[in-house]
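Across the two complexes that follow, chain A remains constant while its partner is chain B and subsequently chain C.
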Partner chain A sequence: MTNPMSGIFRGFDIASTGLRAELQRSEIVASNLGNMHRTGNAEKLPYRRKVVVFEEALNQAKEAGVGKSDTGVGVAISRVAEDSTPFPVFYQPGHPDADEKGQVMSSNVDMFKELVDMNIIQRSFDANLKALKSYRGMLQNTLQQLGG
Partner chain B sequence: MGNINTDTAFTEHTLDALQARAKATIHNIANQNVKGFKRFEVRFEDMLREAVDSGQKIGSVEPVVQRDTSGGEGQNNVVMLEELTLLGKTELMHDYMLRRAGGYFKTMNKAIFGR
Partner chain C sequence: MSGFDIPKISGFASGFKLPQGPASSPEVFKIPDIQPITDDRPQGPSVGGSKPFDGFLADSVQKVSDMQNTTKGMVKSMVMGEDVDLHEVMIAGGKSEVAFNLMLEVRNKLIDAWEKLSRSAG
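== the complex of A and B ==
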């Protein structure tokens, strides 16, 4: 830790990791919704739903005894995985993606699931934003009371 | 009365605890969608009570950050509303302790400079 003030500003950093992670997750959901109608067949596979996996970010410098209150430093996106659910198959012989039997594979995105996910992300984003505002209020009060 | 260091030690440690609790709560909120995450909690008030009961100095009590391991194995135990309430409570308490510290310094100023 090079910045001696990072202890007090750490609260902002933690909240911002949350905001960033939720925002990136919402982009993946938007991408799922945008590609949900991309069909395919056995040669050219349709769109596979993407899932974001989060992980907890811990302070690496904690062992060096920098400060016991700075144990957790927020959240991070560990990877973007693929949903392994099988593709639903429907019968439509005239479809450009249909094979010789008239079978077309559609993407494994479930629109309602994505919409629910989007709502959850919005709530989480708001909670992180609220946390950020609270922390700012605390620092502002500190300046007012002890700033001389 | 008379030693600024011992007079403000209690307020200082309380502010430390509240600051740490705010950060831990923000960390919990940020990790509410992480599978298997266990929330952090900051212990202070109960240790203060123990110190009072056993006749120790309350200025010597320091906050402890630890994991709350309640909930099932591999299950996230963050409840968003609880964390937000805790954060609001922490914010208020922090404001109160700051006013207390500010008042103390004002009094000291008055005692030294007469204004």
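== the complex of A and C ==
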């Protein structure tokens, strides 16, 4: 296998990191939606919404100061952070997680926010795919029109 | 001065000398002895230097073949249910497609060149 981050295939690899990152982000959103109803109380905390933090993946050679390319090598997920929004508290005395005052803490996931996020992720994924398709089309067109 | 003045052609005298003497003289068209071609190319691939073209072509075919094998392996692991990203599989396919087309074009150019040479020789 050739060096994955060099040559005419760099565009493929950059778009690939974007696709991978968006997929991981959508997995986190799915996890948020899945755990949305996990309740809790003061002792056992409910589910805390997770947020993905992206970072630019820089060229290793450039970071070491020996590279000549200014192009990054795509995106990477630096960490999965937690949303620090306070948990909403409801009064539900019959709930198994209710404390002595009948209060239940519910997860700080907002379903509508997550659904909008999912839409954004889908569009971003499509954008990465489109970039990949254009890149490939440019290479193929170069071969078809300058070759032969 | 009209517009049709042809500039005096010069330079022939220094660069090209017509053979002096009678045309039948054996000295006139004497061809210098042909020296055998010596192979002074570096043997095998060398760092930073050039390598023989046939090796280069074989290498590139091998690399394209490797990429296609990688794609094949990824498709296989995909359908076998291993943890492979779908987009990675498709991208590997795209890469090997572009690489194969590039190799094909280089090969076409080579065949073209060879045909032109063989026509001009005949």
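Criterion: the second predicted complex is superposed on the first by the 132 of 148 C-alpha atoms of A that agree within 3 Å, B and C clash if a C-alpha of one lies under 4 Å from a C-alpha of the other, contacts with A are read in each partner's own complex, and residues count from 1 in each chain.
What we mean here is this: a residue touches a chain if its C-beta (ideal position, glycine included) is under 8 Å from a C-beta of that chain, and two chains touch if they have at least 3 such contacts.
No experiment lies behind these values; they were computed from the predicted model shown.
Superposition of the two structures on chain A shows chain C fitting alongside chain B with no clash.
By the touch criterion defined above, A:15 lies against chain B and chain C together after alignment on the C-alpha atoms of chain A. Once the two complexes are laid over each other on the shared chain, residue contacts for A:127 go to chain B alone; chain C is not touched.
In the superposed model, A:96 makes contact with neither chain B nor chain C.
Of the two partner chains, chain C is the only one touched by A:136; chain B is not.
The superposed model places chain B and chain C at 30 degrees from each other around the C-alpha centre of chain A, with the value given to the nearest 10. By the touch criterion defined above, A:23 reaches chain C but does not reach chain B.
Annotation for chain A, partner touching more residues between chain B and chain C: B. After overlaying the two complexes on the shared chain, residue contacts for A:86 are found with neither chain B nor chain C. Taken over all C-alpha pairs, chain B and chain C come no nearer than 6 Å in the superposed arrangement. The contact surfaces that chain B and chain C form on chain A in the two complexes overlap at residues 8, 15, 132, 144. By the touch rule above, chain B contacts chain A in their complex via residues 16, 18-20, 22-27, 29-35, 37, 40, 42, 63-65, 80, 83-84, 87-88, 90-91, 94-95, 98-99, 101-102, 105. In the complex of the two chains, the chain A residues touching chain C come out as 1-2, 8-9, 12-13, 15-16, 19-20, 23, 129, 132, 136, 139-140, 143-144, 147-148.
Across the interface of their complex, chain A is touched by residues 63, 66-67, 70, 85, 87-88, 91, 94-95, 97-99, 101-102, 105, 108-109 of chain C.
Of all the residues in chain A, the ones that touch chain B in their complex are 8, 10-11, 14-15, 17-18, 21-22, 25, 53-56, 68-75, 120, 123-124, 127-128, 130-132, 134-135, 137-138, 141-142, 144-146.
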